[in-house]
Structure formats: C-alpha cells, structure tokens
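Residue numbering begins at 1 within each chain, and the chains themselves are lettered A, B, C and D in the order written.
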Amino acid sequence: MAILSMREALNQALREEMRRDPSVFLLGEEVGAYQGAYKITQGLLQEFGEWRVRDTPIAEEAIAGIAVGAAFIGLRPIAEMMTFNFSILALDQIVNHAAKYRYMSGGQIRCPLVLRGPSGAAAQVAAQHSQALESWYAHVPGLVVVMPSTARDAKGLLKSAIRDDNPVIFMENEVLYNLKGEVPDEEYHIPLGLGDVKREGRDVTLVAWSRQVVTALETAKRLAEEGIEAEVVDPRTLRPLDEDLIFDSVRKTGRCVVVEEGWPVAGFGAEIADRVQRECFDSLDAPILRVTSADVPMPYSKVLEKAYLPGPEKVVEAVKKVLYR
Amino acid sequence: MAILSMREALNQALREEMRRDPSVFLLGEEVGAYQGAYKITQGLLQEFGEWRVRDTPIAEEAIAGIAVGAAFIGLRPIAEMMTFNFSILALDQIVNHAAKYRYMSGGQIRCPLVLRGPSGAAAQVAAQHSQALESWYAHVPGLVVVMPSTARDAKGLLKSAIRDDNPVIFMENEVLYNLKGEVPDEEYHIPLGLGDVKREGRDVTLVAWSRQVVTALETAKRLAEEGIEAEVVDPRTLRPLDEDLIFDSVRKTGRCVVVEEGWPVAGFGAEIADRVQRECFDSLDAPILRVTSADVPMPYSKVLEKAYLPGPEKVVEAVKKVLYR
Amino acid sequence: MNRDEAFQLYKQMLLIRRFEERCAQIYVEGKIGGFLHLYIGQEAVGVGAISLLRPDDYFITSYRDHGYAIARGSDPRLLMAELCGKATGISLGKGGSMHFYDVPTGNFGGDGIVGGHLPVAAGMGYGIRLRGSDQVALCFFGDGAVNEGAFHEALNVSALWDLPVVYVIENNRYGMGTALDRASSVADLYQRGSAYGIPRREVNGMDLLAVRSVLGEAIDRARKEKRPTLIEAETYRYRGHSMSDPGKYRTKEEVEQMMKLDPIFVFGQRLMEQERFVQAELDAADQEAVAMVDECVRFADQSPWPTEETLYQDVYVRSPYVHMKSAEKDPAWKAAVREDNVPAKLPPFAVAARVEG
Amino acid sequence: MNRDEAFQLYKQMLLIRRFEERCAQIYVEGKIGGFLHLYIGQEAVGVGAISLLRPDDYFITSYRDHGYAIARGSDPRLLMAELCGKATGISLGKGGSMHFYDVPTGNFGGDGIVGGHLPVAAGMGYGIRLRGSDQVALCFFGDGAVNEGAFHEALNVSALWDLPVVYVIENNRYGMGTALDRASSVADLYQRGSAYGIPRREVNGMDLLAVRSVLGEAIDRARKEKRPTLIEAETYRYRGHSMSDPGKYRTKEEVEQMMKLDPIFVFGQRLMEQERFVQAELDAADQEAVAMVDECVRFADQSPWPTEETLYQDVYVRSPYVHMKSAEKDPAWKAAVREDNVPAKLPPFAVAARVEG
C-alpha cells in the first residue's frame, strides 16, 4: 500500500472517477488554472479540459445551482466550496433544491452531486473562516453528509460519494490535507453510512469524526499511559449514521464522550448523545459528555484559538469525569 | 386584560416600540403598503411613513444586510422575513455579520437588530415553505433565538427583543397568529432567556416551544383523562436557554419528552436531551424521548402533512413509553 | 405555424384558462390547499414559448406553474389530482400547486423560491454544453425575481460561458403587492441584461405570435450559437398574487384595461380574421376545454389519498454505495428505491378531442 | 489640497507601504498567522478616497484592509499588535489581518466574505437617510466581488432609495488567481451600474489626484443629492493574493509594467515637480515611516498575549432585557458587558513626526 497525504488521496479519487465516467465534472473557485486553493484538484484541468474542470466567478449560489441543474439532467457534478464557510451563500440551492426536488416531484428527479471542500478551523483564519457547520447539513433530510478522517477513508468515501445518486455533502478539513496514511493501490470504495472503530478499548467510548479523530486518538494514547483504554469510534458519515457501531461500543464500555469541532449548542454531538441515552440507557454508567469548540466565534490570536478548540487535555478531563476519577 | 390574537399582540409591540423609540424601523417584503403578508405590520406604514416602514424588493440578503448596517451605526432595525424559509438566503448576513462583528472587533460594534417572521409549517404549503430551522440559529454564538407560543409572550418578548442590544432571531408561527389569549393592558416585557411552565404536573415533563406548546397542552389534557399529569415547560427562548426550569421539572417528574416541529436529526430537542441526560442523570427513570416532524421534506397532501407533523397522538404514545405503560 | 397548429395553441390557452378558473372554484370548496397562484392572463407567454421547444429540450419555472405543464402536454388529470393532494397526482401529492414536474417532457417545473431556479437553469445549460448536445433550456420567472442575487449570478455565468439558456421575465407589473417601480431601480427589466452583455429583447406577452417570434429567435440563438438571451414579456395576471390576495394595490380600471388585451380573445379574433375560423369552432373548443376540466376534477375526486407509507418514499435514491444496514434504520432510506418514478399514462379523455404538447 | 496636505497623503501611502512590507517579513518569521492580504500597489485608492471623508462619515471594506485604517489615522501600533494577535490589538487580537475596525473613526472595517459587506454598506446609507444626517458611507471591494449576488441586491436598493453610499471597485485585475475576463461577462465593471441606473465612473487608481477628483464628486453627490455612485478604480496588487499565493497566473513583465506606475513614486515625482519638494524631504519621510513601523513591531512584540478569560468576552452586550440568571450559565453571557470597547489611545510615537488622519 502506498503512503499518501489526504490531499493526494482526494486528488486520486477525483482523477479516477473523472476518467471512469465522462459525466463527472468539477466546478468551483480556483479549481482549474490555479490547481485548487488547497491543491486538491492539482493537474485535473490539464487532463480533462475547462468544461470538466471549470473555474467559476466568486458566486457560490451559482456554483451550487449549476451543480444542481446539471445533476437534474444526468450529469455528476462535483462542486468545490473553497471552504464550507462560503457554502452558507449556497445553502438555499442545497437545502431547497438539491435536497428537496426528488421528494417534491414524487421521485421523478435525482440530484447526484457532491459538494466538497474544507470545513472547520485552519490556522488563525478567524471567525468567518473557521466554522464547522456539519450539524446544519446533517439536520436536512435528502442530504448525505460525509466527514473523513484519514487518507484511506477520504479516497474510498469520495469515490462512493461521486457514484452515489444522492446529493452528498463531503466535508474535508484543511488541517488533515497533509496527514499521511496508507491507501490501497487497488480500486476500492467505502460505503457511505459505514462507521469505523479507529482504536479498540474497553473503558470508555470516544466518538469523533474528521479532524477530531486525531484528537481522540491522541487522547487515547495519553489515557493508555494511565491504564485507561479508550475506544475511538469514527462514524465517517453523519447522515446516514452508523449508530449501531456507536451503541455496541457504549454497551461495552458504559461510558461515552463525544468530541466535535462544532459549537456546543445543537451541535451534532447532541444528536449522538440523544441517541445513545435513548438506546443505551441501561448500559450507561455515567452521563454522556461532549467536548466541543467554545461557544463563541473563532478568535484570531493563536493563544485564543488553542483555548477555543477541543484538544486532548479537554478530552482527558471529560473522560476522567465519566470514569469518576 | 384584553383578549388579543398573537397577530394583534405582535402588531401592538411593534407600534408601541416604534412610537417610543424613533431609531426603531421596519423593513421587509410587503410590510408596508400591503400591510404585511400576514398582516402583522397592519397600519404601521400609515403611522410611521415609508422610511420607517420600508417595502423592499425580493432580496433577502439585502434586507438582512441593510438591517445589519443600520444597526452598526446605531439604529434598531426590525427585518421581517416573509417566512423564515427565505432567511436561508440571508443567513450569511446573520451568521457572518450580525453574530460575529462584535467579537471580531473586540467589542467595538453592536448589532441591535430583530429578524422576525413566521417559521415552521402553515397549511399545505409544502417542502420549501414549511421548514422549522430553529436548531440552525440556536447553534450560532452571538445570536439570541426567541420562539413565543402565546399572544402574551409574543408581545412581551418582542418588546424585549427590540430593546435588546444583540441580534435577535424572533421566530413566529403562522398557525399561532390567530390564537387568542390574555394580554396585559399595561406596559410589560418578558426577559429573553426566561422560560415558563405552561402547565404543572408531576408525572412527566413535556418540553415544547412555539406551536408545539399547543400540541403539548392538548396532549396533557388527554393524558389527564387517564390520570397522567404532564408538566408543560416552554423555554420561550432557545438561546439563551432557561435550562434550570427544565432540569427542575425533570428532577421532579423523572421523565422527559421533547416535542418539536423541526426535523429529528440534530434538532434543538437533541440539545435539550443532551443537557437533561447530563444534568439530571440520576433523576431520570426512563430515557428522554423526542417527538419531532418526520425526517423528510414536508409533503403537500393534507393526509401526508398530518402524518409528517408531531401531534397529540404521537406525544401520548411517547409519554406512555417513558412511563412504561 | 399552420392553421391546425394555431388552433392547437388556441385550445391550449383555453384549457389552461378553464383549468385554472376551476382551480379557483374548488380551492374555495377546500379541495385544494396551501398557496394557489393562477396564471390567468399570462397564458400566451408559456404557450407561445413552449410551443417552440423540441421534445428533448428542458424548462424550469417558478411556482406559478400550471400553464407550462399543460402547454407541454402533461395530462391535466394528473395535475388536478396533484392540486387535490391525491396519490394519482403528477408529483404523487407531495408537491401541490407550486411543484408540478413532468421529467419525461423535460419539465423540471415549479420552484417556490423566488429566483431560486435561475442558477439551476444555468446548470442545465452547462450540462448541455458539456454533453455537446444542441438542446435548449428555458427559464420562466417573474419581475420580482430579477432583484434577487440569484438572477445576477446566473446571468453572469450564462453570458460568460455561452450557455444555451433563454431567460424569460414574465413582467406582470407586480411582485405580490409591490409594483415594479417600487422594487427595481430601472423600469425596463430587459435592460438588466446590459450588465452582462447578454442579448435582450422586450415582447408583448399578451400576443401569442409576438411571443413566438421573439422566443423563436432566442431559442435559435441558444441552439445554434449556444448563446443565452434575456427576454422581458410584458403581461398581466388578472387574479390576485395567490388566492389570499384581494389585489387592493391596483385599480379596477387597470385590471379591466388589461383584460381588454386578453391573449385568448385576441388570438381567437386573429384565428377568425386570418385563419378563416368561425365563432362556432371557437365555442366548440371552449366546451371541449370545459369538458376536459370536468373530467380532471372527476378524476381527482375519485382518486385515492396517498397512504401514510408514501410519506417516507422518494427522499433518497437507493444506492449500492450506501451501507444499507445502518442506513435502513432511517425509514426514508428503507423506503428508497433505485428507479425514478414516471408520471402515469392514463386512457384518452372521454371527450373526443385531445390536447397535444 | 495645499502643499502640507499633499505631503501628508504622500506620507500616509509611504507608511502603508512600509508597514505592509514589514508585515510580510514578520509573517515569514511566524509573528503573524492566518491569511495576510497586502494592499501594496493599491495605496492611492484608499488614501485618496478616505482623505475626502468627514470625521463623521463611515466606511467598510474587504479583508484587504490595512491601508484604509492607516489612512484614517488609526494607530498603526494597535494594528501591528492586532496582526500579531496581541491583547493590545485594535480588535483585542480577535480579528487579525482581515478584521481591522476602529469605530470612533467610522471604520467598520474588514469583512472576510467576498461581497458580504456591500449590503451592510447599503444599510449604513439607509440609516443615514432615516436619521436625516448628511453623512456618507464608503464601501471598498474587489473586482471579484461584483459577481456575487450581494453586489446586485445592494446596488439595486441603493439606487432605488437614493442611499448616500459610494461603492468603490478596486479592480486589481484578479480575484485570487482568476483574471477579470474569466470571471465577469463584461470587461468594464463600472458599466455594471447601468443595470441599476446608478451614476458610474472609471478612474486610474494608481493616481492619487485622479482618485480624489472622481471620489470627491461622488462623495459630494452622496452628501448633497443623497445619490449612490459606482466607481471602478483601475489598480494592481504587486504581491500575491495572500502570503500563500506565488502569483503564477501573471507574468513578471506584467507586474514590472504596473510597478512602473507606482502610486507613491508617481505622487512623489509630482510633489517635487509641482509642489517644490526635494528628494531629501521625501527620503526623510521614508525614514520616518520606517522608524514608525519599527516602533509598531516593538510595541507588538512587547505587548502581552490575550488571557484565556477574554475568549468569552465581546460575544454579547449585557442587556437589561435578558434574564441573566439563566443566561449566565453561558460563559459568553457571563462575560458580557454593557459598554462598547474603544481602541486605546497610546502616547505619541517616539519618532518626531506624526501621521494625522
């Protein structure tokens, strides 16, 4: 198996799927000549030409709407949001069009698009550029929401997302783009809605996705030194959610901490906590705790940014609480 | 005390505050000459003139942005969204501007605006016109989110919202506009963030807001016939949330059902369930259950609409589950 | 257009008129719910434009969408059933008045978000270019929609990339209760096209033939030169914005003035003067339309309500790339199928004549 | 503008230039993080425009916002501290490069959402009209922003209601790596104003005096006639879009070509030719600017980091209309105060001369 960065893995997925299926095309700001603001689309314009790798004006509602319209008539657009912060301007197209036309038409229309790009905090890009809005998207029926944490998952899930016939919100993370990991050489894909246990453990269940899987694994390492074995469950897809994987783990450990980069109030972690308390009520030895970002807009200063984000220290603290240590 | 509809109560609040403070003004689609799409702004253009009651083009991003800019320089705009479904087009102004400028400027800027209008389902207006997006707004630090359920609360809360110096998302409900109730004749306001017990009971806590308070009260009536006494807690404001009022009730009843009109996944009810399981862990005799709308876009047909929405039957069923009956 | 074709279009306009007049009646009876936006007065725009489309062309519209579907030949019985929320509706009762779709005819139909379907139309145009076909996409919207950001973003990219899309502003002078001059900083909406260097035309939307000639040129340009056009069709809606609107913002005189220019009456006169039709033939066509509408209502009345199971159907497409074991805990995924629904084909109308698309 | 005033503006441009050159250096040293967008090359636009404002006027800008604050007389030490994320920063270290604000000077500053501040500027204009004052709002944005829906919505209402807002497109030919002609369907961006019937002008943004004359007329129109203007200032950024951009999308020749028109050099020449300044005076001004920047960096270096408590401050305004008992369980509400922060007043720069606003 090759060792690739998530950036390379995503680029491979795009390239392979565009080679396989001529109806797949890419559009977004700087995806072509500039090779992508974060270089995920490196080399694709050269190989596929401007109609399949389209640089757009700065007009997010149009980008998403074009993807919707092209998908309606049978193409398979992949719309890149330079970052998901800007997808707020495209939200009406996603929520009122991509997610609803199949239903409103009584099943006549399908919208096989992928809306992808980095989400969450980068480094010191401040309040308007650091939002983790997965709970907004996961709230909406009609959408699929994917948030990979490794290079392997990213490639396998993006290929599934491109082939799937539903609108898929594929949220990447800039901080993970350089993260390297093993990626199979052969063709593979990972089904949407299938979670993954990233680390086994008996004492406590840590549920995390995207960048926070890294936080959870780092936390687990620290806890192990104190003899606490944490299990790290990565749902990988938030909608549909592989809840059984989470429930089975919590039934085993009796304790659960959710780690997420989003804001606390009505974050997706609340949804997980709700399902776990409902389905694992009798197995829980302690309340479910959540470690989230601070309930404020993201500050610029690096000292405040660190205080804002979830981190191993905060997770360790939460784990000790649920273990009553 | 006068008996007023929520429509009349809201209209009174607007009129009284506009008379009291010349910096308060209204803008939105059809708020003026047309007297409001739902007649909430009846008579205001005639009394205050076009600069304080401004009919706008159909341009939600501009409506919200104008409110933000005017608020920045010291006015107190009230922007009406004909319905909150269309606020999706204004979301960037609300989330990236109204909610963040104070923080990004280190406390130099304040944004005293109110964004108001009907939210949730009306009658058979289908998928694009029936969304209950309160969990999206409640997710965002910097915002205040208010959802009144009675004429009295609506007037008292709207007056507070207009006078408050923070951006307030004031979500009304079309189905409640004609609901009549007692409204004090004298000047009063209800503080934002103060909940209200709409019915006392010892057996189970029903948490509901806006239109679903009506559902919860109707459910409580039916349950009473079977000797089950339900307590109905209406937070009235989702952010900040009067969580103690909910906790105290649950600690008393040991059982909790949240009733909400939003979609189930990452709905605001999940946030309440998360907080309750965390803070009332030892008092809970059963898992917290949620009754929500169906996890699909809203269908048009009235038979499907009924199946989609929460209703007393569904709540009764949930209550019996938590009571193990 | 030969004599028969002209008569067909006349019949289409009549059918739309009678169909919607009946809608207004049964709305009051409570058979139709929610918002009902009538196209009455604007028929010449939709009928004229759609009559020029090829079967493989596409179109997308606002919520005021009854007329286009009928003009395109969708079965009006399925449309009436949709309005009544029945299982036999063209959208299985899930869409209602604002959401008519008939994909086999290229109708991507009704959007409830003002301006929201313009970027979608641009996307259809983009897909056509990418595919290299010579199809055309038509996009109908109102005078109020031109002030939405979506209009701006869609027109810029359509001009920038030469997309085969024809944007038709149906200027009926009001966006709900707001007169054009209180919403737009410019009076001539087609001039908005100058900001994008896009070909632009104005046309009398009450005149079927005028609509056909201007639209024909635009559709040609889109098909052959792959260039978009912005057209402003001057028209008028006789009724309120929706059933709840008394229309107080305009004078009785203004409405009566416009009704004198009624597109159906005007075209009927022309048929008699220039195509040697006699009044009796026009009257027969009218009776035929009324009879068809009767049949539509009968069909809707006799149709069953959707069953509760259908609530969860048609949200997702069943997909081999989804882990069904976990997905199926969600009833919408459980109910998902791989195929797309296709509107039912009903037996011919009892009334002799038929409406062709 | 008299001789001294002219020299002041020259010094402002120099200070901005030296300030940002230093920013680029210390960014590489890691003292500044996140996105850093430099205004180098565009100084004449901001300095020229802002020099015409009255103290009670307002302005709002994009994220490329350093120059305007300096031009308006904000203390550059507070700005440098902000860039370094220090507690003494003008936004208390919470905003960074993209988010400079100085409300007492009417600076509502940096917005990170392309086009996002245009509707806000319209709102300022609306507030001014409603208040009946004769203030003006200035709005600066790039050539890429004109394709956002927000531009369209903001300009339409500004023209429709006669709002005293001057919209300044700083056309530096690229939106990030995308050349104007690959993003806009029309070449002359000021012509976009024709869709709104709004007065529009083009100006050489490398020429301070040209900027002042065109802006002067527009600001006058806004103040006296309450009418908006759309101005396209032709300019150029010498550096990449942000520090991470190597700028491969343009040729060395093009950049060198534009640098020959350097606004500071050109205005310096004019000062010597027409205002009888000598090179030595200009050099002294330069040394003074460099010395001030040294002091800015020293100030930032010596400033403390924000304490963790400040994380929760400045989210909400403490309000008598909020039930604090429940609200205060949220640390942001607990930390909320009633007052607004005002940027600190520092003792004069050690270097003799000072920069006036």
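Points to keep in mind about this one:
Here is the rule we go by: a contact is a pair of C-beta atoms (placed from the backbone, for glycine too) under 8 Å apart; a residue touches a chain by one contact, two chains touch by 3 or more.
Everything numeric here is computed off the predicted structure, so don't read it as measured data.
Set against the Cα centre of subunit B, the chain with the most distant centre is D.
Interface comparison, B-C against A-C: more C-beta pairs in contact at A-C. Rounded to a whole number, the gap between the C-alpha centres of subunit B and subunit C is 35 angstrom. Averaging Cα coordinates per chain places subunit C and subunit D 47 Å apart. Averaged C-alpha coordinates put the centre of subunit B at 39 Å from the centre of subunit D. Annotation for subunit C: residues touching 2 or more other chains are 89, 91, 93-95, 99, 111-113, 147-150, 153, 156-157, 160, 182-184, 315, 330, 332. Multi-chain contact residues, meaning those touching two or more other chains, occur in subunit A at positions 56-57, 59, 61, 85, 89, 92, 96, 103-104, 126-128, 141-142, 241, 295-297, 299. Residues of subunit C touching subunit D in their complex: 147-153, 155-157, 159-160, 182-186, 191-192, 194-198. Put simply, subunit C touches subunit B in their complex at residues 33-35, 82, 85-86, 89, 91, 93-96, 98-99, 111-115, 144-145, 147-149, 175-178, 182-184, 249, 305-306, 308, 310-312, 315, 330-332. Listed in rising order, the residues of subunit A touching subunit D in the complex are 29-30, 33-34, 37, 55-61, 85-86, 89, 122-129, 294-297, 299-304, 307-308.
Residues 58, 60, 89-95, 99, 101-103, 108-109, 111-113, 116-131, 137, 149-150, 153-154, 156-157, 160-161, 313-317, 319-327, 329-330, 332-333, 337, 340-343 of subunit D are the ones touching subunit B in the complex. Contact residues on subunit A toward subunit C in their complex (touch as defined above): 25, 27, 51-52, 54, 56-57, 59, 61-62, 64-75, 77, 92-93, 96-97, 101-110, 112, 141-142, 144, 160-161, 163-166, 189, 191-195, 240-245.
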